[in-house]
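Two complexes are shown next, each including chain A; its partner changes from chain B in the first to chain C in the second.
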Partner chain A sequence: MSSKAIPTEAAQPPYGVPAEARSKVRSAATGPGRSRVPPWRTRLWQLLWQVGFVVVLLAIWERAAKTADVPYLPPLGDIADGYVSLFHGELLTQELLPSLYRVATGFGIGVAVGISVGLLVGYLRAVEPWVRPVLEFNRAIPVAAVLPGALLLFGATDTMRVLVIAFGCTFPVLLAAIDGARRVDDLMLDSARIAGLSRPQTMVRVVFPAALPQILAGVRIALGIALIMMVISELIAADNGIGQYILRNQRLFRTADVYAGVLVIGTVGWVFTTAILQAEKRMLRWHRGWRSLPE
Partner chain B sequence: MSINTLMSLRPLPTRTATVRAGKGLAGIAVAIGLWEAIRAAGLVDRRDLPSMQTVVTTAVTELIDGPLAQAVTASLRAWAIGLAIATAGGVGLGIALGLLPQVEVVTRPLLEFVRPIPSVALIPVALIVFGLGLRMEVILIAFASIWPVLFNTKAGVESVDPRHLETGRVLRLSRSARIWRIVLPNALPAIATGVRTAAAIALVLAITVELVTGQSGIGLYLQTSRVDGQAAQTWAAILTAGLLGYALNAAFLVTERRALSWSQEHRVQ
Partner chain C sequence: MTNDASVVAVEQVSKRYAGNSVQILDQLSLRVTEGEFLAVVGPSGCGKTTLLRCIAGLLPPDSGQVLHRGQQLGGPPPWLSIVFQDYNRSLFPWLSVRRNVGFGLRKLPRRERDERVRRALAAVNLEDSADLYPWQLSGGMQQRCALARAIAASPQVLLLDEPFASVDAQTRIDLQDMVLGICRELRLSTLLVTHDIEEAVFMADRVAVLSTRPARVVEEIDIDLGPHRDQLTTKESARFLELRHRVFTEVRRQARPAPATAGG
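Up next is the complex of A and B:
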């Protein structure tokens, strides 16, 4: 740390550049004499350390599971068995697929409503002050609190679960879309008018792409909420689904299956997040600030 | 984010602000009208969706008489303890990970693995490990809300201008003095954003834990009133929870704006 060279003029980093990019600037400026280790070797060492750390943690767990006889430390093998069994056979169709259906439908509805209403409100600027407080309030409701109300109105049905997920997803996307649509450059809107685009055409071809960065930020927040609402709605009122599976096994003290269920939910979350980040990268390749944004 | 943008705009002239507030109130009136219209049209059972007047009256009486006020206090207590732990832990770990790249690299797989798990899914796990009680609730809240604090702190620490750190070294500041006087002030705006995000998550977790496990608070109040068929109380509690969420977020925003006004230009996206 202390051996770092004083940066030369060329190495002066632009303000606000992510640390990784900055360190590249620095090592480029200090020249090839500084690091003789090829980058792939550093990478390899990193990987070894990472794998080693995980292995050590798992070994500690396994050892504790064998020596200490406590219910919350089941052997890793049992957890792995439970995890795998959730991806085929009856558990797949009875627990995982219903959950995936609910979260996908609710998320889809919420995002679609959020984008369309949000763009419209943001584009028709005069509307915005009328609806803003109501929207902000709906967003501020802690999503879990909505569930008892939805249970009153719709009962413990799949419709209720999908609607609750959709409700949670709508408002972050909607408010992001409003902000995105409001920040569209007037020059672009004027150009669209001169080019003779109708209002709907302007919405789809100018306002939507321009607002996309904000919208996608809202979508990412909505995804987290969708998963949370999926689990909550199944913890409280369901006869199937992965949330229910976890709770049922907890009551039966089948701890390994509880952990397996949690890991499956984590996997689902990871897959969704990765998919959205990839889509985001692809859709925003054109976006000016994209390159300087951290991934 | 959205209130944030709204508030970071230049202060409006008072007359425009009044007009804006008036339009907002009109919007709220329309929303209430819509609620009543759904009732009148008979789209849902009227007993399940009481009139807004009943809901507001119930909320006020339940808040003054006690049950709802007690529920709010209980939830806020768990929320505050959990959030405080998450803030302390998240800032500490975030600074450590931001300043020690080696540690960050080694622990990255673990963090990236644990982070996407929705913390509500850990409620059953927490029940097994900690049993029922405030301790379990607080630990869950802290675990759920530590992530935004941790990752925002880390990002804030990493964005510190190296020239500032080098200046600190030239001035022969000790390591702790550099952290305290250079790194921390630089990361403060990012930390504040993280804590505000964490505050909202913590409230969701508190209410969920109470709903599922029967720990006293808004969640338990919602659950019992619904099971007892007291729809007005359920909706009153939802309204209160919404107002609480709104007020907490606004309080954090105002505090940030006051305390960190010097950093505003860094925060405009």
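Up next is the complex of A and C:
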């Protein structure tokens, strides 16, 4: 993969050299002879160190839990039981799935609204200076602060939680989309007009892909906010969800299950983040190649 | 002075930059006739690109009119294509060469689109690179990709905005020959905007010289070098040198202050 992804200046072919010849030039430039240690061995060592570090941390915890008899240091086995139980049976359908539904729906709505409104505002440049202060101010509001108001308006419902998450996700994406859309090169817009594209078509086929790098940066910020708001919204007047699960067990002094809940949220966050990073890597391959172009 | 023979007629067009009083075009008139290759030269920064954008229908003139086959249109006519100087900014970096070339052909049935893209890529000798991205190509190849995109739309009018200014000398010569061949084969009416006088005389049937800002056409010179141009024999002919001398003198006379170097 790395041998054909990005042409370096040294590998830049002379004018008119066919594709096959060029890829040969490239693999020659990045081929063997650069690193003496085979890459799989470095990666294996790295993995060993990483696993080892975790094992050491867990061992310290377990030892402390065995020796000190304090409630906030439950044995690892109890935490693991709680963790696993959240992924099947009643706890899965009653706690984890409702949370996932809320976070996915709210995040989806927020990102969709942010992208469409942001591209529109950024593309129709005349509107932008006019609406910008409102948007900037809205972004400055910590999303948690709107929660009591949302509770008042919509009650302790799923709608309220989804909307609060969506609200939090909208602004980072929206502002990123405005920025991205504003920075689309005039020459590309001219090219689209010459090609006979209407304004909506230009939005979809030129402005959106051109703004994608900025948009995805906003999406990553939005994901963090979505997870935070999922938990917070479930701490207030919820009857299920992972946040509620943690709160309930805290009141019952079931420390192990509290920790298990936190670990599950961490897992969910990690899965989402990894998925988005992977998607970004695929969608923006052109962007990295384009920008690393010498000159 | 009938409009019928003109593919593009620029009539008394004036243009100022919005918001201030810098006048760029001053009652400029120009016409491109069927199948003709017209080159527009002028001192740097005289408004050549503004003129081209007006002709393309990308920029409305303040006064006067631009007629495409006798009609005043609200935007770019579908039979018109442009190649810009800056291929790095006009090609879409998220699309492969093939998709860039087929970009404006969405309305066509798939088979016809593929066929047109194939022919356009063949015309610029880029078939082998169809699945690469533009940024994986050299500058000359990218400009050929832009050229392929322009001709894939089956235009009748081709506008060239300093298309060879960003490539090296050898590539420029190759591209000049390639463009001349394509224009002749497809019987395109072509308007080339350039600051390179030799290039203008070598390629065009007629050269229009612009004044400094605000730009007007001060001189139109017929280039009677025949339809076939050769980088060596044409450029060494006495007639070529004579015509180049004339155009050069005229451009120099317009650039009253010390000659600048940047393109405009």
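Assume the second predicted complex is superposed on the first by the 242 of 295 C-alpha atoms of A that agree within 3 Å, B and C clash if a C-alpha of one lies under 4 Å from a C-alpha of the other, contacts with A are read in each partner's own complex, and residues count from 1 in each chain.
Note that in this section a residue touches a chain if its C-beta (ideal position, glycine included) is under 8 Å from a C-beta of that chain, and two chains touch if they have at least 3 such contacts.
Note that the coordinates shown come from a computational prediction; the quantities given were computed from them, not determined experimentally.
Participant: Name the contact category of A:158: first (chain B only), second (chain C only), both, or neither.
Facilitator: neither
Participant: Return first, second, both or neither, reflecting whether A:258 touches chain B, chain C, both chains, or no partner chain.
Facilitator: first
Participant: A:143 contacts which: chain B (first), chain C (second), both, neither?
Facilitator: A:143 sits against chain B, while chain C stays out of touch.
Participant: Based on the superposed arrangement, let me know which partner A:286 touches: chain B (first), chain C (second), both, or neither?
Facilitator: second
Participant: Contacts for A:243 in the overlay, against chain B (first) and chain C (second): which applies, first, second, both or neither?
Facilitator: First partner only.
Participant: For the overlaid complexes, name the partner, chain B or chain C, with more touching residues on chain A.
Facilitator: The partner making contact with more of chain A's residues is B.
Participant: Quick check on the superposed pair: does A:273 touch chain B, chain C, both, or neither? Answer first, second, both or neither.
Facilitator: first
Participant: Tell me which partner A:81 touches in the superposition: chain B (first), chain C (second), both or neither.
Facilitator: After superposing on A, A:81 lies clear of both chain B and chain C.
Participant: Could you list which residues of chain A make contact with chain B in one structure and with chain C in the other?
Facilitator: Dual-contact residues (chain A): 7, 12-13, 15-16, 18-19, 22.
Participant: In the complex, go through chain C and note every residue touching chain A.
Facilitator: 53, 56, 58, 75-76, 78, 80-82, 84, 86, 88-94, 103-104, 125, 128-129, 131-133, 135-136, 138, 140-141, 153, 168, 170-171, 174
Participant: Chain C touches which residues of chain A in the complex?
Facilitator: Its residues touching chain C are 7, 12-16, 18-20, 22, 185, 187-188, 190-191, 193-197, 205-206, 209-210, 212, 286-287, 289-290, 293, 295.
Participant: Going by the contact rule at the top, pick out the chain A residues touching chain B in the complex.
Facilitator: Per the stated touch rule, the residues are 2, 4, 6-7, 12-13, 15-16, 18-19, 22, 26, 46, 49-50, 53-54, 57, 71-72, 129-134, 136-149, 151-153, 175-176, 178-179, 217, 224, 227-228, 230-232, 235-236, 243, 246-247, 249-250, 253, 255, 258-259, 261-263, 265-266, 269-270, 273, 294.
Participant: Quick one: in the complex, what on chain B touches chain A?
Facilitator: So the residues of chain B touching chain A come out as 1-3, 5-6, 19-20, 23-28, 30-31, 44-45, 48-49, 105-110, 113-114, 116-125, 127-129, 155, 158-159, 161-163, 166, 169, 200, 203-204, 207-208, 211-212, 218-219, 222-223, 225-226, 231, 234-235, 237-238, 241-246, 249, 266.
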